[in-house]
Amino acid sequence: MDIHEYQAKEILNKHGIKTLGSILCHSPEEVYRAYQTLLSPIVVVKAQVHAGGRGKGGGVKIAKSGDEARSIAEKMLGMTLVTAQTGKEGKIVRKVLVESGAQISKEFYLSLTVDRKNAAVAFVVSAEGGMEIEEVSKSHPEKILTISIKPFHGLRSHHVLKILLFLGLDKTFLGDLSGLLFHLYDAFIREDMSMLEINPLILTSSNEFIPLDAKIILDDNSIFRHPYFNDYIDEGEENPLEVKAKNAGLNYIKLDGNVGCMVNGAGLAMATMDTIKEFGASPANFLDVGGTADSKRVETAFNILLSDKKVKGIFINIFGGIVKCDMVAEGVVTAAKNIGLTLPVVVRLEGTNAEEAARLIENSGMNFIVGRSLADGAKKISEIVKK
Amino acid sequence: MDIHEYQAKEILNKHGIKTLGSILCHSPEEVYRAYQTLLSPIVVVKAQVHAGGRGKGGGVKIAKSGDEARSIAEKMLGMTLVTAQTGKEGKIVRKVLVESGAQISKEFYLSLTVDRKNAAVAFVVSAEGGMEIEEVSKSHPEKILTISIKPFHGLRSHHVLKILLFLGLDKTFLGDLSGLLFHLYDAFIREDMSMLEINPLILTSSNEFIPLDAKIILDDNSIFRHPYFNDYIDEGEENPLEVKAKNAGLNYIKLDGNVGCMVNGAGLAMATMDTIKEFGASPANFLDVGGTADSKRVETAFNILLSDKKVKGIFINIFGGIVKCDMVAEGVVTAAKNIGLTLPVVVRLEGTNAEEAARLIENSGMNFIVGRSLADGAKKISEIVKK
Amino acid sequence: MSILVNKNTNVLVQGITGKEGSFHATKCLEYGTKIVAGVTPFKGGSRFNNSVPVYNTIDEAKKTHRIDATMVFVPAGFAASGIIEAIEAEIPLIVCITEGIPVMDMLNVKAALNSSNSIMIGPNCPGVITADECKIGIMPGFIHKKGKIGVLSRSGTLTYEAVDQLTKAGLGETTCIGIGGDPIIGTPFIPLLKMFEDDPETSAVVMIGEIGGTAEEEASEFIKKNMKKPVIGFIAGKTAPEGKRMGHAGAIISGGKGTASDKLKTLEKNGVYIADNPSVIGDTAKKALKLS
Amino acid sequence: MSILVNKNTNVLVQGITGKEGSFHATKCLEYGTKIVAGVTPFKGGSRFNNSVPVYNTIDEAKKTHRIDATMVFVPAGFAASGIIEAIEAEIPLIVCITEGIPVMDMLNVKAALNSSNSIMIGPNCPGVITADECKIGIMPGFIHKKGKIGVLSRSGTLTYEAVDQLTKAGLGETTCIGIGGDPIIGTPFIPLLKMFEDDPETSAVVMIGEIGGTAEEEASEFIKKNMKKPVIGFIAGKTAPEGKRMGHAGAIISGGKGTASDKLKTLEKNGVYIADNPSVIGDTAKKALKLS
């Protein structure tokens, strides 16, 4: 799960990593007062949204007075911030972080991620701080160092040394860098993070390492041992349909197309989207209804699909494994009737009792078309929505 | 390094493990006041010495009043406590721990050790609490469960379950036992222990797990990351000669025989002791002078050997590897002259320049005899001391 | 022949009395799987379905039974413990169905596996099946038919789709393995590809991948260097957007890495027969085997 | 032939500029060891003895040199890091001389070794030497002479004692290995016994043990089952008291376990030729080889 910069910094602080003084604000007045409180001649006002690249989009501004800070906040709060990571629709700025300024002597990039290939935690560092790391990795891969730490090796002093040397720092920084890296590594593991990105990590003119920005992604699966994750959920940052689906236990991701998809299983759902695209239409969503496609669940799924006004037709693709297809067909028909569905729907049911299911669909009296295979179904729905 | 029970309990408390209320006392008056302070009708007065088996030796007594506690302390403080672990000479009791009483519903044995074979931390548990575990392991090995926890496996809930079932405890104790075991495991690793023994671990009548006794051995080698170990050193508990040797950087262990041994290397030192024994004499000590047997070091070693009044002769056995034997011989002669050594000394020097060394020893004018091999030297010194 | 499991495999079920565990253990028994014992803490001494003995721990079960494989249905929060219990009990094959195990737990599990002789399939997978012999998992048994294709997949229902086609195409399967949809899994494609290459009954392998990570690319390099048998590849997620987890915890394109098109390019370069869409997996297999 | 090291072994020295490291690196060079590089943090770019290039990290050294083995003189507090650096750099043989590494660090190192292809000898050991070819360690080279006996030992100078006798007895040595006196060591007797059994030049093995642990007992069981070559055993510490560490961290009798007499009994039972005292190791070897 994504969290805000200010929350990420709270976690870092908890693990002994110092950040600059900052105050979270919800109104221009609070921002004005924050300027006074921080006692820093220069402050930075930063939009708190679940997306990176805020600077380019106008979500990070410097203020040299309380008035200036307030007037920045007046524009920033409520604006729709569009960055490389928000998508076209952007994100509405609901709160800002006002942070003290710092005298920057150097900027670095530093992140921790899960290294899938080596089953390890990887440090990624670069002396090119503040840049987008994807760009650096494409244009100058030699400027990035990745060090994988296997769990039974642990972070060790030779790892710190390698990072120090790669960043071009001298011996005198070894102790401080070591402290920072050990705290970060510990925080990453203990808080079950999927990603921790500090960009830039700055070295101040007084030779302190400070994370100027911090982005953390937490591993939702570990929420059972970190109840505080619940406090960090900010539904306002997510797509409302995705939130609704999640609360109903459905796995839904909104896309830009016009064919609503309802599939059981994540892999099959992706494959279904891909096949629709192959036939010239475009999927409106990813939706995995899971293993139990009963009428209640299907009804909720229909409602979510229909909330997306772009949707012109629906493709239901279920491979009935343990679940019997005729049961699913009944559920689909009942749900469609309950909500008075009028959109064209192509239904493909494969697996146990697929024939009986097809008959039920055909005889339902609804606007249902039977797909005989994944390709056949995808083709039929694509032709319909392209009309 | 060995530490006292009260220190072991301090460490356990630091790691969230509850122990009974207790007060460390150095005088009968303090013990009297401790009784009043603890507000427990029954207290236990326990001698604080670096040795187990105190109960049998009279080092653990129950008191039901302040007066009784004081009179127990009067006898206990200053006494020489002899237990199975102290050796014949016993240990002088210099302080006692006064601890609140508890209502015991069950007693268990629980310890953590390093499992050399599996390179793991091992839990050893038994429902036979309060017994000497060595005896149980000989007479009823089936009453002991050993579970090895490899570092990359970690302590897991199935380990706790196995221990719970083995101890004959029901489901309701799972949470509390789990908490205790995780704290102990964490403490063992974080504090670099070699041994942590709780005997007995009690279950109180209010169903709390409490370590009634606690014995911890810390890994001296880790002192660089645990400066507090220094505060736990109690030289009064060690043999004064061993303390003196240690402070001089020598590895010395006092034994009961009359042949003083000075050897370079621990394995060779043991082999030398064994060979002396084979020739019918008995080693007075283990002493490894280490790699640099210069005159200063040899002099210190001589002084320590001579402080043991039982010593009737000295066997110096040096395998000069990197170090040259003639240099060692010179060192030995100089040191012996400096301290005016009169005891018979057999010197065996093997390795580089062994012949020159033998000549130097023979021509030294001292009471020195050359040993031509380990066996020859051991034989000669044994014959001398047996006269 | 087949790989990993066959009709002689003695199977344990961890979490046999739970909702999922009991449902699927029953289905597996119906398929003919030799489930010899189950484990659920504090349920030791009882019998599952009036027949399969239940124990508190694997150690207890091992006193009476030879166990070749275990099917793990332990809830996510305790799954790492259950898997490590199986590793410590030296169970040769561990099939973990459980979804939602934290990645940090899996890093430890993976380290434990590396120092053991156990093989783990999953987690977050449909399991392993050798057609007509042994099913350890949640896949529908009836779509499988003894034949000549080995199947490897990061997916669940998409695998059933492929198997269904292979069965209907008359090719049938030897062993079908869902390797799991999580970022860290017990066994990636390569060791299993090697087993299929060595299995005399397997003529070709279908490998179903998806976006995220680089497992398919690494597999294709192995295929190029070490495999004589044809491999048919499909990658799901051509239309998946960047930065979104597509259901599976491991199915995510991040930092522009792990896209379907990158994977397909590498697979093709390394001589894998590409199925352009899931409906042609069966046909592609036939073509690869020069049967059509 | 020999085991572990020979005249072609390219050696790195970690901690080459330290007091111990530089002294012994010089001695090894004098013996003829092919020391190709050294590592000391922040000393990269300099040269040791005006010849051996020094690097900051092993990775840097590996860019220029093939490295077959590393000799570790890193101080105890940093030794685990140094060893793990060598494991991560995939150095095949790691010889760690350092004494005083905390046991908890060694548990992690051992776990790291288990998942790697590196072999570690030590820590707290004199090192490894193949007579007249390659010395990686602190033993006096001149006492060694090419011959037919393999030597394994938990000790230092006691090993020299044994080697000296073997050389003077005209038997000579193939490879001599101090496995280390700590409770947790990289490689116990068994894998090395196996290598000696497979080495055509080795005719017999001298195994020098001491009190503490059960490594000798386990080794003797291996010897009985798997070795045709005679093994001569000596155990130091018959007169050692219980509960005291005899110099080596691993040399301690605790809870009545790890005594010399127990070990000797088991060794004898398993067909090891026992040398009753260290002075007869050479003679016992001759007898075992039917040379006297």
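In order of appearance the chains are A, B, C and D, and numbering begins at 1 in each one.
Just so it is clear, contacts are C-beta pairs under 8 Å (C-beta built on N, C-alpha and C of every residue); 3 or more make two chains touch, one makes a residue touch a chain.
These numbers were taken from a predicted model, which means no experiment stands behind them.
More C-beta contacts across B-C or across C-D?
Of the two interfaces, B-C and C-D, more C-beta pairs touch across B-C.
Considering only mean CA positions as chain centres, point out the chain farthest from subunit C.
B
If you average the CA atoms of subunit A and of subunit B, how many Å lie between those two points?
Their C-alpha centroids are separated by 57 Å.
Approximately how many whole Å separate the CA-defined centres of subunit A and subunit D?
One centre to the other, that is 53 Å.
Between subunit C and subunit D, what's the gap in Å when you average each chain's C-alpha atoms?
That pair's centroid distance is 44 Å.
Residue numbers in subunit B touching 2 or more other chains?
150-152
Two or more other chains in contact with one residue: find those residues in subunit C.
108, 111, 115
What topology does the chain touch graph have (line, ring, star, complete, other)?
Contact pattern: complete, every chain touching every other.
Considering only the defined contacts, which subunit A positions touch subunit C in the complex?
Where subunit A meets subunit C, its residues are 85, 114, 116-117, 119-121, 133-134, 137, 150-152, 189, 192, 194, 219, 221-222, 224-225, 251, 253, 255, 263-271, 273-278, 282-283, 286, 288, 319-322, 350-352, 373-376.
Mind pulling up the subunit B residues that touch subunit A in the complex?
Those in contact with subunit A are residues 151-152.
Using the touch definition up top, name the residues of subunit B that touch subunit C in the complex.
Those residues of subunit B that touch subunit C are 150, 152-154, 156-159, 161-162, 165, 171.
Show me the residue ranges of subunit C that touch subunit B in the complex, using the header's touch definition.
The contact residues of subunit C facing subunit B are 41-42, 56-59, 78, 80-82, 84-85, 87-88, 108, 111-112, 115.
Under the definition above, what is the set of subunit C residues touching subunit A in their complex?
Going through subunit C, the ones touching subunit A are 24, 27, 76-77, 100-104, 106-108, 110-111, 138-140, 142-143, 153-161, 164, 181, 183-184, 208, 210-211, 213-215, 218, 234, 236-241, 243-244, 246-251, 255-256, 260, 276-280.
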